[in-house]
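As structure tokens, here come the structures.
Both complexes shown next keep subunit A, but they swap its partner, so subunit B is in the first and subunit C is in the second.
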Partner chain A sequence: MCTFFRDYNSELFAFGHRIGAPEISENDYVKALTNESFFKRADVEQDVERAQPGAEIGSEHNGDLVRKGEEKLSTWLKRYLRFHLSKAPEELIEAVDSHLLDDECLAGIASHLGIDHLVRTKEFPVSQQSSADAFRALAGVFSDEKVKNLVIDFIVPQLVDIDFADIYSLADPLAVLTDILKSEGVTEIEPRLLRSAGENSAEPIFVAAIYADKKRNVGQSAGESTAIAVDMAAREALLRLWDITSDKVLFFGDRAASVPLEQYSQPNYSLTKKCSPGTNTSLLSDSTTSDPTDNLIEDAVLRYRNVVDAEVGKSYTKRLRHKFSRGSLAKRSFRYLVKPKPYTVA
Partner chain B sequence: MPSVPRVDRLKPIYTAAKALNFGWRFSDFLKIPAYNGISRYTNQLHRITVRFCKQSESSVGMRNFIENKLDEIGRRNPSVVIYAQPVRNSNPSIRAEYGNGRTLQINAKNMSESEVSKDIHLLFSRSGEPVVKLESRQSALVPSVQGQWTPITWLPTAMNTEQLPAKKFSEHKSTATSATEYILQNPPK
Partner chain C sequence: MSFRRGVSRFDRVNQWLQFSRQWHVIDANQQDAELLGDKVARYLAGKHKPIYHPKTDCGDHVVVTNCKDIAMQGFDWKHTIYKFNMEYPKSKADIPAWQIHEYDPCRVAFLSIYRSLGNNLLRRRLIQRLHLFPDSEVPDFVRKNIGSQLRQVQEVVKRSDEYTAEERAAFPRVVKFTEGHVVDWEKSIPNPGRHTKPVPGQKDK
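The block that comes next holds the complex of A and B.
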């Protein structure tokens, strides 16, 4: 234990300054940081004298604040995304928004801000859900301008590391791409294999590109098999079409705050409406199984792992590795390598 | 008589440990906790606990620091909570807790007031990440600007339809200039 006794009021004061909103009253902070389960905690329920921090500090929970805050965060984040990804469909904006505002991401941000030490909940350690809810409730308490700053300062920097193709992963990107290009006047869309190496090895690579009208390369990418490579190339082509490239400059900090984001409240175009009715614009679901690979070695390895190992099991030397270990180099003496030299005893 | 008498020496153990990348010797690239500084810089230090003894001589500097400098530091950094904890018969120390959950401790035994304030200033400026030996003097968020080189990147397209071995790809390349090349590069005036 580091500090013998933490002072809740001081911690709240410091937290207010850390998050950039010191003007908000302590009661509002306490309400935002109190989870509904707190009042079911045994020592709080029975009014124990030194329950830390006790129920006498605040007796309201953050249920409705969570809903309000969630809406506010989502609104501002979508406005920011629509400003930067103006050519992208609304489905992608919504996918990115829901990913960046899900429990895991918000709980990570919250723990770095120190919310985990301030949240009042029944469970310990604080669950991801409670932590994320506390962050949303804080957004519910803040003014509109402050929520905009919150989004720009804490949530938006994560865009630096995310992969847009992973977050908005279409089930059939080539069909969508074909549809969109045809609506722009392209007649021929074909995937072509550019390179291949190591077809029958453990790590084959195929580089495929999608060509429009036999001349223009709209997107290229690599993959372990031709099907995967074409899929990745189609995804790359769609991202390129929507102007989402790795050299895109995103606005951060003051530069982002000075942009009039309120003007971007209208949703972007919908991909489902833009494509013809037959095209599959659904997302890849998590439960899709990987198609059987046409790679011999991978098949053999997987067969051994799934079929043979399940029946025969692992060898003793693998299961009981610690019993077969003769010790580290320092423990093994190598005495047997040095043969004794005979001396005459005079 | 043993073949080679084995004597434990600290030097080979230390030299061997220098090659390890775990335990008490880390080498890594520089890391930022939670994308701090990209949009806004927040001080990663959350709370500092200053432990000292009210009686012993080793805490003199610490006691002077608390009397003279601590107030000002607290006023200038409102986002950090400062605790002063008197502990009998103990070494004075400064414990700092950071946003990434790590705690750092500096033993302030026999330190003067100025040394303590230097260490406090150090703790205020750190991010809580462990001190590491740098893998490289450069580190960037983006792994590659032009795209990572692969053996395929600059493959000539003619190689796609070629049956290997092909004579034109088996030519020996050398940096040494031949006589013909020299004359072509430096034509006589």
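The block that comes next holds the complex of A and C.
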């Protein structure tokens, strides 16, 4: 290994200050950063001289700390989310929580904190799972207040990259929206087409909106077909109902830390319970998103041939080819049409 | 950060919305060819959009109807000369606008819009998004595409023979004509046709 890791203890000392918890003892840090597989390394097992740095310190792994830390992180993150998204269903908050606390996301944060240089594990390079586990185990070591700071400082900023429509993408948003609006006293919900352009062209565009009681526009969106536009409008309406709009201000840093998050431990309402029993509240799976659509190009060609050509005929570039190519096609002289006349220019 | 989100559903739809081509329709009835050309060229090139840049492919489609009724000022039909040069010997021709308009009612609109697009290579592609129709009849497959209507560049005035009898009666008068007064400009006089010299010996006509 490189000389950078020679002094593992001083690296740990620096890391403790970097993450803002110098009071945690070195042994706790070592335990949190040690993966179970570390003790199966060939050099550690055989106790060779100058083995992996830090091999001589500590003999415990972070298995139980990971579970403890995961719970703590999740608790604080959910409290934070419930404070901001008080109108959103618990399913959405759980989806965001599980996304932010999955291996990929935590491993990214851990690598930026320099954790994957300090992790003690068997494999090299350090896998996403073990570096994410080390981060979780750190939360297991920390006190509750420190975990809150850890969540607010390192995990919450990842929210800016999250698209709430994609992270909790319902399979049938219009049915869910109808159920929610009806429970609020709305009698009639209808999707309407606000604008459209280029219906017969290569780039059709439709703007659809969902209207409640024929008066209130609860959500609108665009799409390349009416079905997609209505679907997206329903998704937008749901986000608006849940108070997730582009101008939503999320608290970060000290502002978030000063919020009494402990009061938000109670879960929000459940969408499944709020909707009527027949409604499909499942999420879109990958297979449903990539369903094969009709052959759009073939349709367009056939439509052009049958509808457009039948009415206006071939285009000028094909019909009057001699006007668009200066050279003679069949070695024929075109001197007779050289002089422009009203019937040749027009 | 290392973790970045891809294109989400709303991103994709909004991108489609931003770069989709609009279909505008404008009525060329009694519109000055130059002014109409400037306006339509602006929309064909997408210059009315905040995202415009010459290399941004954001031009819209424009459907121009009633091209046969396009207007020119004063004696411009006679004095507007379109110059054509095929760059062959004897291949220069200067043709007045009225001759071209007589043969193809859409061609004057095309020429003025094409000139307004500027002298650049982009205009060959932009002009392909122009759809000209001599009268108000537009094929169904084009009409379905249309999504917006452009304001005309000039106000359409009412021709004198389009006023009804009530409107004429209600019109304020300075002079009252006598009973037998002949008002010959109420209706345009039909073309009596060419005088043909009767053949000697021909009975009728």
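Please note the rule applied: the second predicted complex is superposed on the first by the 276 of 346 C-alpha atoms of A that agree within 3 Å, B and C clash if a C-alpha of one lies under 4 Å from a C-alpha of the other, contacts with A are read in each partner's own complex, and residues count from 1 in each chain.
Throughout what follows, a residue touches a chain if its C-beta (ideal position, glycine included) is under 8 Å from a C-beta of that chain, and two chains touch if they have at least 3 such contacts.
Computed from a predicted model, the values in this text were never measured in an experiment.
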Touching partner for A:111 - first (subunit B), second (subunit C), both, neither: both
Contacts of A:338 with subunit B and subunit C, given as first, second, both or neither: both
Which superposed partner A:153 touches (first subunit B, second subunit C, both, neither): first
Partner chain in contact with A:165 - subunit B first, subunit C second, else both or neither: second
First, second, both or neither for A:256, with subunit B first and subunit C second: first
Touched partner set for A:201, first subunit B, second subunit C, both or neither: second
Touched partner set for A:299, first subunit B, second subunit C, both or neither: neither
Touched partner set for A:18, first subunit B, second subunit C, both or neither: first
On subunit A, the residue positions that both subunit B and subunit C contact, one per complex: 108-109, 111-112, 157-158, 161, 195, 197, 205, 207, 222, 335, 338, 340
List of subunit A residues in touch with subunit C within their complex: 104-105, 108-109, 111-112, 157-158, 161-163, 165-166, 169, 195-201, 203-205, 207, 221-224, 228-229, 232, 235-236, 303, 307-308, 311-312, 335, 338-343, 345-346
Interfacial residue positions of subunit A with respect to subunit B in the complex: 2-4, 6-7, 10-11, 13-15, 17-20, 22, 108-109, 111-114, 117, 149, 152-154, 156-158, 160-161, 194-195, 197, 205, 207, 222, 246-247, 252-253, 256, 333, 335, 338, 340
For the subunit B and subunit A complex, residues of the former touching the latter: 2-4, 6, 33-36, 38-40, 42-44, 46-47, 49, 78-81, 83, 85, 95, 97, 99-101, 103, 141-142, 145, 150-152, 155, 160
Residues on subunit C engaged by subunit A in the complex (per definition of touch): 1-5, 8-11, 13-14, 16-17, 20-23, 61, 82, 84, 86, 88-93, 95, 99-100, 102-104, 107, 139, 141-142, 144-148
